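Here chain A shows up in two complexes: once beside chain B, once beside chain C.
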Partner chain A sequence: MGIAETYTRGRQFAVARPGSVLLALVGIILLYDLLSGLATGQTSFSSVGSLVWDGLMRGLVIGLAGIGLSMTYSILNFANFAHGDFITAGAFSGWATTYLVAGLGRADVGALLLVGAGGSVFGGTLGIGVTGTPLAVAAGALVAGVATVVLALGIDRLVFKPIRDEDGITLLITSVGVAFALRYLMQFVFGSSVRGTTSQPPSISLYFVDGAVRINAHDIAVVVVAGGLMLAVHLLLQMTKLGKAMRAMADNEDLAQITGIPTERVVRSVWVIGGGLTGVAGYMFILWKGTLGFNDGWLLLLLIFAAVILGGIGSIYGAIVGGLAIGLTASVSVIWIPSAFARAAAFAVMIVLLLVKPEGIFSGRSTA
Partner chain B sequence: MSADTTGGADGDGAAVSRETIPERGDQSLLEVRDLDAGYGDLQILTDVDMDVADGEYVTIVGPNGAGKSTVMKSVFGLTTHMGGTVTFEDEDITGLRPEEIIHEGIGYVPQNHNVFASLTVRENLEMGAYILDEVPQDALDAVFDRFPILEERQTQKAGTMSGGQQQMLAMGRALMLDPSLLLLDEPSAGLAPDLVDDMFDRIDAINDDGTAILMVEQNAKEALRRCDRGYVLANGQNRYMDDGDVLLNDEQVRQDFLGG
Partner chain C sequence: MSVRDDVSARLPGGDAGLIVAVLLVIYAAYVLIGVGLGYSLRGQLNTIAVLTFYIGVFAMLALALNLHWGYTGLFNIGIVGFMAVGIYVMALVSKPLYESGGAAQVGGLGLPLVVGIIAGMVAAALLGLVIALPALRLRADYLAIVTIAMSEIVRFSFLSGELQQFQLLGERVGFGGGSGLILDFTDPLEAFFGFFGLWDAYLGFVDSFEVLVPNNPKPVVDGLVYGVVLLFFVAAFYWLLKRTGESPFGRVLKAIREDEDVANSLGKNTNRFKIKAFMLGCALMGLAGILWLMTSGAVTPNFFRPRITFFVWIALIIGGAGSNTGSVLGGAVFAALLYQGPRYLKNLVDTVLPNADAPSGFGPAIAPLISNFDPAPLFFYTIDSIRQLQLVFMGLVLIWLMHNRPEGMLGYRKETAAGIPLTAARARGTAETDGGESASGGGSDE
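Moving on to the complex of A and B:
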């Protein structure tokens, strides 16, 4: 007993899992750096709080958008690279609706429908926001969801259904093609400029130790919508017949077929639910960050992939947890490194965690 | 209805009766005629004939690669159909898809991966009745009566149960629609030796309650002892067909297929 045994066990662990030990060391160094920064006043508690809050918002958007990707992965057995452009498509359709509802009569309809392409209309000028134009925002989020469902079903019918029985690599490469086609179609229609979409939302400052953490109305909207939809997906999967059939199919497609589960209909439901969530996630992403460009979904997709792989690809709970982890990492890492490397830090965390736990946080492919 | 084709492998003619009429009433439930089937371009079965009467217990035995499981998969629409017919309750079900066949009253328990591992026991049983609007309470109760362990373990994930329990769950799932024919692929495979007898007893009980059974078994002697009638398959063709006891005591069958 005692020190000798503790030492032996520690040594065995260090030899067996050098990655874990290294990871723990890096964690301790970073934590020490943070704590010493806080102690000497170089880093303020409130700035750390703001970064954590920012990371949570980013994480909720990534998690919400990741659910659809994880669903298609677990049930259709392929990584859908067009997912990012589904996000962008949802965002453009939703924001066109928001502009139209908010700006009808105040600006040219064509300019509104093109979401102010070429600087013809500005979201800020229209006073767009959850508090300023709640109806326009609600209508936009709804249309974003519906339009993405229609798009996902259409693309499935045209492209993915005919090659459903091919292997995952064929489907993946096809989806890359779909992604490019969609993205440049949207660039052609809406232009390549990045536009501001919202006016400054009202915010409250919460006192936090040595300063304030600002929380604005759009943050609250993201929390409510993403949280509500995540809860709804959870209830759907656990309580409803369709949800159980989706989990059954993710688990064992051959057996699902033998059991009499109408697999094609379940696949359609996956596109409907996954597409809807993806569209709304795209809309909320733009509402939260306040700018919209044709590359937004594609750039977010890389973080989403990191999140769902980290969480255990195929598990929707993994997508949510992975999204939060990646979002927090991308935001909080600027405490230690220049913000230009924030994205790289998110991927570094993914790679390191996968080295330690290769199957992801939730070992995947179960949707549960 | 001669159900077998050729004689012994070396052609010296085993003395096996060729004209055995199904025992219980001659009410034919399943009729397989001249079935050719396989996977993709690969043909496994050639001119296979097979009958199961209402409430009958039939086993298929034969060496590895004889096409035993393929017969069963073909009945359930899981192979490439290349010729012949499958008739169930006087209805032609040749070429129907599994999700259509399950409506006809045939249940199928595959050999491997036959439960949804990440779903609970109860959810597995609910999936068994997916094609119904509601989970039939009487069928659920009947399954729980038959396999009390499943009622105890309702909320447990199927993947965490033992092999024998998973096999019971797989059968329970297939029984949720109260099928008139149950197809069982190697139900004793992978079970601990002391559980094998128990499994065969349970299959007897299912059959006693009126469900016809078509079973593929590696454990050929025990299967033939238990069943009403047996088919010996070799190289994707019928070889012998007779009462289980008769096959069991036939010198040629014993030598060629039952290891002496």
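Moving on to the complex of A and C:
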């Protein structure tokens, strides 16, 4: 009786949700492959541990940057393709500050402000790092946040505000225009070279079953900064009226306006919070990976979109969880597939999840 | 809006006349500037050939995108991915068999060019099917994200070492990886004329140009003739899409664009229609990619950055989504003013000020301006970086268009979904027995 019932229910589920069943099957096969690899010693525990740690770091950055994208997506109702270039803008402004603070008196000010364009100054020579130049890094992260807030507010005022009431696609196309203008303006100023920005950070090796997982000071910095900011946003949205107003606006903007919510002010707060987090995320991303190029934000943007959609548009927890999932996928997938396709795997996860659960993991919850 | 339509109505030949007129204005402007600067005839002809080439490819791509966005309302921003698949599969099929010691690291299957072109189009259409199956059921902006993600996946895949070289049907083939792929198949023009048995006649035709262009006129004439071939393809695209749009199939597409739920409730399987339209557009994008790159000698994956998708979108929005005539005009205006224009301007400055040395970076360029108010280095750096700055300019143009004229040059001119001409009713007056309404909106339709 019990078995028959379970069987019937299982069959109904399989018929109703074939995608979920298929997904589960693929998951089981991959897991089996991993476990058998670990059991036979073909894959070492420590290398898997390193990949997971790498994925977590990437995921934290994606999640942090995704919060801003998710907020604008749900409240202004459009996919902001300029978001990636906000990340790059934050990174460049922050790193220019870091270079200036760390290298003042040791190199030409112009070269420092241009983040060593054309190989004029090297971050490694300046000894930049969390432990080496903590003040410069802190100042850089702060400036990255502030500069991106200013940029986001300025672009909103000039570009998005006049067409606030247009449909999402019009705003999306406009944001593509903003993205290209910003990206190539940055290339014009900072050059197209990819530069190394940090010196080798000190690291510790944690013993893990059969080898070591290395964790360096910049990983710790990412965890502290991203975790702290995520917690702060959580508290802000839960404890203040702003969070409630944002949820109301995401639900129904007209209704929110009738109830007396100052919608334009909420929109500004969204750009301030989202822009600030985005700028800091861009800065931390560069600190963590150690190189900076004008295309970095754009390449990260597609992963951020995947994370935001995966988590459910409008949910900041969704953005964080989605970011971690996408980051982990992009890093851990190299166990099964060639590393050139790691990025493709992250998108594939997004596409598959769109099929199985189009509304995302944290569906039905808008902003917080 | 009405003024523009009047222009189109008063010109002999209607829409075709409008396109020809715009092309003539563009060419006249380029030639006049060239004459003013004393360019040689060879240089002039080259300029025209390059201009025609870009007008052709952008017009084709804008037409294909118009099928997606203007007709069906599918927001595809992965155009460049379909182009890449088109040319790469075409190269795989048509490149000669691998021979050790040759310049090419990998070979192909050695089939004729036509087979390769068809294979490339089919591959692009199949990729479209794979994308469309999951994405079409979702919101428009999801399709956007999925398509652009796909185009980047395609680029990274062709960049990867795994696909650089592999065995297919016992032959050593591949996509060349990051170092690129040499397109060492028969010269497309030779294949084209050879197919009709006209290759020798063509060579004779080229030789007759020695009167105008002494010593080696072949590259110049080849460029011009290839431009003309591309314009023929534009005409073919235009005809195909016009036929498609006026067919019952096209009417359903337009119904989907206006309101998918209504089309669905009338018993049309809208998903199937959308998938078919998407695949057709993708095949045309693949063909446009093939025509763009088949004469370039080699192809690298990093050519297929999303900026080309962005170019095509600007071309379509300039012309006006929903109108085939607008797509062609948009492609022509984009190619002439925004794409080739700044580069031509750079050449002009180089001609006028031949010995100017541009600084290597923004730092050396801005320093003299700050220290002793010398704007010259910044100016030369700006001119030297025109290829980046033109993208900034295009972004600003796009923003401006979306603010002020989202409907493009030809207004909200959407092709009507009726099988019979609606404008005829007005011409015949109101004497129609079936109460022929003097279609007030008909004047703005094609």
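Everything that follows uses one rule, which is that the second predicted complex is superposed on the first by the 361 of 368 C-alpha atoms of A that agree within 3 Å, B and C clash if a C-alpha of one lies under 4 Å from a C-alpha of the other, contacts with A are read in each partner's own complex, and residues count from 1 in each chain.
The rule is short, and it goes like this: a residue touches a chain if its C-beta (ideal position, glycine included) is under 8 Å from a C-beta of that chain, and two chains touch if they have at least 3 such contacts.
For clarity, every value in this text was computed on a predicted model and none was experimentally measured.
After superposition onto chain A, partners chain B and chain C are found to sit side by side with no clash. Once the two complexes are laid on top of each other via chain A, the angle at chain A between chain B and chain C, using C-alpha centres, comes to 90°, given in steps of 10. Of the two partner chains, neither chain B nor chain C is touched by A:Ser70.
Once chain A of one complex is fitted onto chain A of the other, the partner contacts of A:Ile261 are limited to chain B, with no touch recorded for chain C. Within the superposed three-chain model, A:Ile169 lies in touch with chain C and out of touch with chain B [touch as defined at top].
Look at A:Ser331: by the touch rule set out above, it reaches neither chain B nor chain C. In the superposition on chain A, A:Ala245 makes contact with chain B only, not with chain C. Of the two partners, chain B and chain C, it is C that touches more residues of chain A. For the pair chain B and chain C, the minimum alpha-carbon spacing after aligning on chain A is 18 Å. Every residue of chain B that touches chain A in the complex is listed here, in rising order: 76, 78, 98-99, 102-103, 108, 110, 113-119, 123, 126-128, 130-131, 173, 177. Listed in rising order, the residues of chain C touching chain A in the complex are 75, 77, 134-135, 137-138, 140-142, 144-146, 148-150, 152-153, 156-157, 159-162, 306-307, 310, 313, 317, 360-363, 366-367, 385, 388-389, 391-399, 402-403, 406. Only residues 78-79, 110-111, 114, 117-118, 120, 159, 162-163, 166, 168-170, 172-174, 176-185, 187-192, 298-299, 302, 305-306, 309, 338, 340-341, 343-344, 347, 350-351, 354-355, 358 of chain A touch chain C when the two sit together in their complex. Residue ranges of chain A in contact with chain B, taken from their complex: 241, 244-245, 247-248, 250-252, 254-263, 366-368.
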